[in-house]
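Shared chain: chain A. Partners: chain B in the first complex, chain C in the second.
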Partner chain A sequence: MNRVAVVGAGMTKFVRRAMETPKELAYEAVKMALDSCQLTIKDVGCVVAGSAVDCFDGVHMKGEYLSDGSGGSRKPFMRHSVGGGTGVFSCIHGWMHVASGLFDICVVVAEEKMSSCQPHPQGAFLTVYDNTIERPLGLNLLWIVAQEMHHYMKTNGYSSEDVALVSVKNKGNALNHPAAMLGAKLTVEDVVNSEIISWPVHRLDISATSDGAAAIVLASESLAYRITDKPVWIEGVGYNLDTWYWTSRDLAYPIYVEKAARMAYEMAGIKEPQKEVHIAEPYDPFNFKELQNMEALLLADRGKAVQLTADGVTSREGNMPVCPSGGLLGVGNPISAAAVMKICEIFWQLRGEAGERQVPGNPKCGLAQAWGDMMQCGTVVILRK
Partner chain B sequence: MVYLKKGVGVMTRKVAVVGIGHYGFRSVSPEVSFREMIYESATRAYEDAGLEPMDIDGFVTAGEDWHEGHSIADEITPDQLGAVKRPVFTVNGDAMHAFISAYMHILTGQMSICMVESRSKASNIVNSHEITAMALDPIYNRPLEENPYFIAGLEMNRYLYESGNTREQCAQVVVKNKRNAMKNPNAGHGAKLDLEDILNSEAVSYPLTSLDISPHSDGCVVFILAEAEMARTLSKNPIWIQGVGWCTETPSLERRDWGRSFCTRHASQMAYKMARINFPRKDIQFAEISDEFSYKELQHMEDLNLCHRGEAGFLASEGATDFDGDLPINPSGGTLGVGNLQEANGALKILEVVAQLRGEAGKRQLKDVKLGLAHTWRGLPTTSGAVVILSNA
Partner chain C sequence: MHMNVHLAGTALSDRDIKEGKVLYTEWKPRAMYAWDAGTAISRFLEGLRNGIILGTECVKCRRVMLPPRIFCELCYRPTEKWVKLKDRGRVRTFCFTRVRCDASRVEEPFFPMVVELDGGKGGTGLFHVVKGMDVSEMTVGLRVKALWKPPEERIGAITDIENFIPE
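For the complex of A and B:
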């Protein structure tokens, strides 16, 4: 199998970007990623774009629309989507382009501009439900997430205070992230006393919608060391989709994430994830999701994720830092871009370039994961230096 | 110009199409939902390849949210493909992009059998022009509130002016493709027409008339791809992928090349390089190329290097591209004859090339064909295209 390295990364600030079009956001991220490894768009063989929902930007065929801003003009260009899992999948799709042996250098960019969806992007989520059975109920995403959160907390015996620990940790971590929009010093009381949106989901349990883009540059083995001294290798990739009929799934445990993780671990030759993965960026659009995903990624035993968080194992100075970037809860959640941000973070952490966010102990292996579609998709990437 | 890595084509693993299945194609399909359509096609593909869902390593689908009427439309795909709790992803592009993604995934060595699915349920769409208009730039172009066919009219004008081909020669393409479709039991829009019918049909955007435009169809196409060793065990007549190429020019109406199809030229150069084809005119025996508008077939022939610039119209009017001509183009009837399948257009093209190379094309079977080319263009208002070259040996 051809090895593929991440050699550059870049991202825009995540915040409402009323002044920029989606194309410009994509351009900004790609330019930063290319600059970081001293390449120009002329060196790039192909471009891969990820973007979750056309409704947010309000553009049909969003891939085509983004193609020139992403640097894909007059180049092989493809767009893919797996809902919220799109970001990490972007990296996998880019990996395919290079690992297949067809290209040497591939730019991967993910962009989402949610603020143009008025009055609130939650309105667009109504259109992810079944046209006949569910849409007439006028649902948004929180309604279904509340069911999952409740089921997960009840199964594992967690309280609102337990899951609030994640919000406190991640929003605290984000204080050091220059692109973050929601860094804050909070206490568990702040979180559980915030407004209830859809029980048991509190306002501070949720990551905020945002605008932004993030990009990485991938290179083949023969070129990676010519571009940089510190390439970060993509060692494992995995993705998995469960049934669309969410009523027939186990809402407490995302088996699809476990399957995706096992696929990636097998490729990376990882037998004991808890020992071999040093740093993780699981998907945390809601605080309970980080805990649930850690368990499904086999990074925590089932029902033990809260204990790890409470003990500080997952803090930035802990044994296994989880979401040292601040995650979606802290940095913001422009859906597909947020998950590429996680790949960027692992890249910077493994290279020791994370600045104030740098975790101690010289981590060698990192994992990024995203979750998406109708709560049915898991995508996992394992990076090693 | 072509960014392919050195040595591609020599070192690349071989991948073949081992199973095909489709449902349709008809202008309406009230008897099935789009999920049932996918189920039907997938079942046929499994049967064709002699496989079960558990034998497939990964699934790739193609679709656009706004054509499905569903945000995150990829979430609906796993169940009816037999892909629940399996690796599945969606390419928001033409089926040929999805096909190429599956091909690349097999080349990486992580998977050895992949399934590709794409579908069209265009009859469910009541405001297709308005949806297409939403693909225009929201700031510069959308406020003009034009029907997007104006782009095709402008482009046709420019193309005819630059290449020297004539309006009548474009009409000849419609006559040929609708005639070819009469022999194709899957085609929904076959007809016996003459030049006058097309020239006198309702004007849409000068010089484009209504019969120059491919009418929409419903249908679904599924392929199963496998790496060489597996393909030889699975199939008596695997159809080998010799080369692939794809390209996007620019979404901007202001900056694109209106006379030529840049993406087609670039994508085909990439595919020819991979397939090590130096003289496409000589080596390609037949081609299924995008003919969403009549002039597009001529333009694409020229940019695929299947003839010289300005020669395509002559070849069409002399009958060289007819079913029994020297270079049969769109023996299936193309999208003009079969119908425009939106994202599945690329799949329709590959489907026909595979059927011809297998010798299963029935009444429209071409004689002694070994190497065929499938090409697609994503339709208005895009400048994205892809090429796949297939052979049966």
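For the complex of A and C:
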């Protein structure tokens, strides 16, 4: 397989409801990513686009719809989706096209416009659940994830105050992100006193529905150094799906995330993740998910992720900054775009271009991870400079 | 990326919409589907109509599966054995919800949960809801039982079980 580098990145603001259409959001993110590495669409061999589900935008066959805005007209173009795991899979999908030798330059874009679905996208999300025996109970995503959160907290002896530390950290980090919609200076008390939506989930334990797009440009080794003197290499990729039947899964520990991580670590030659990964952007649509994912990514021992957070190890100035971007909790959660935002953040951090969010210590290796499909999918990418 | 970078993306407020400052179009789809329940779920639903909860067992990994399927997705082989489960068991996990599927708030919060029914094995879990009890009484491990609709009202649906209640 050929080596593949990320050479450019771009994104739109993440907002509750954007005036721009999905095509326009995708265009703006791709334009910024291409401009950032002084390429034009003529230089691009192929385009891949990620979008989690069609029902939010309300446009079926959304890949075809998005192809123009993505820069895919009259080019090899493919859309992919693994639900919430899509964003990080976008990077993997682009990597496949270049690592295979089929293309030298690939544009990767992810877009989500959730505000189109009225009055709330959760209503349309009902269509993803088992049609014969779950939907008649009128469930909401929160019914399932809140049960997973409870099971995880109970198994590890974590309190609401413990998991709230992640909301405080990430929303605080997002104050320094120009695309962020949820940046805030909060206390643990603010989080645990916010509205209980589906106990143990409070309003501030969870991200918000959002609109936005994010893009990266990938290049083969032969072209990467001609495009930039600071390529960031995709050294490991991993993805894995557990059974679709969520009541048959271990809700305390996402084994599929561990399997995805091990696949990526093996490819990247990483033996001791806690020492060799310097910054991480695990998926954090809920605060407990950051902790649970850190454990499954082997970046924290099981049952120890809260302690690392409380000790400041995962703060932006800590030994292993986690979600220095502000994450989904702070920047926002236009599903697939949110996880490409995480790839963008690792890219900027490793190049020393993260501005006010730059972590100290010249990090050389970063990891981004997302979680999705029917809460069963783990996607992992490891980047090095 | 510094804070002073200019990014595309124009945030709209509810006011912008109400005051007609932006244009938009609307569509209310009315999509109709009739789903065939299939081999395994048909038998499961028939069981519910008769007040029985049926799972399938994989004789290789020994899991009893709910909802039943004709194949074990982990061993990828047929599940040749049907197992009659009890309509009672212990709560594995639960939440206390105040939202409906469309995110609107409910008047009387209740407990979506996964119950481990007696007679199951290898992680058998059924998703349903517990109603009619106080939040202070609900715990992981609580014994619950199905509250069935009267036989004449059952139609062969998961809602033939109204909800679960403490045993």
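Assume the second predicted complex is superposed on the first by the 383 of 385 C-alpha atoms of A that agree within 3 Å, B and C clash if a C-alpha of one lies under 4 Å from a C-alpha of the other, contacts with A are read in each partner's own complex, and residues count from 1 in each chain.
Everything that follows uses one rule, which is that a residue touches a chain if its C-beta (ideal position, glycine included) is under 8 Å from a C-beta of that chain, and two chains touch if they have at least 3 such contacts.
Remember, it's a predicted structure, so these values are computed and weren't measured experimentally.
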Which superposed partner A:20 touches (first chain B, second chain C, both, neither): second
Contacts of A:194 with chain B and chain C, given as first, second, both or neither: neither
Which of chain B and chain C A:44 touches, first, second, both or neither: first
Touched partner set for A:58, first chain B, second chain C, both or neither: both
Partner chain(s) touched by A:274 [first = chain B, second = chain C, both, neither]: neither
Contacts of A:245 with chain B and chain C, given as first, second, both or neither: both
Touched partner set for A:73, first chain B, second chain C, both or neither: first
Residues of chain A at both interfaces, chain B in one complex, chain C in the other: 58, 125, 131, 243-245
Residue ranges of chain A touching chain B (in the complex, touch as defined): 1-2, 21, 44-46, 51-55, 58-65, 67-68, 72-83, 89, 92-93, 95-97, 99-104, 124-125, 127-128, 131, 220, 237-245, 255-256, 259-260, 263, 267, 372-374, 376-377
Complex interface listing, chain B residues touching chain A: 3-5, 8, 11-12, 64-66, 69-72, 74-79, 83-93, 97, 100-101, 103-105, 107-110, 131-132, 134-135, 137-139, 245-252, 262, 266-267, 270, 378, 381-384
Residues of chain A defined as touching chain C within the complex: 11-20, 25, 28-29, 32, 58, 118-120, 122-123, 125-126, 130-134, 136-140, 142-144, 146-151, 154, 176-179, 181, 196-201, 211-212, 243-251, 344, 348, 353-357
Complex contacts: residues of chain C adjacent to chain A: 1-5, 7-13, 22, 26-27, 29, 33, 35, 37-38, 41, 44-45, 63, 65-67, 69, 73-74, 92-104, 112-114, 123-129, 135, 140, 157-159
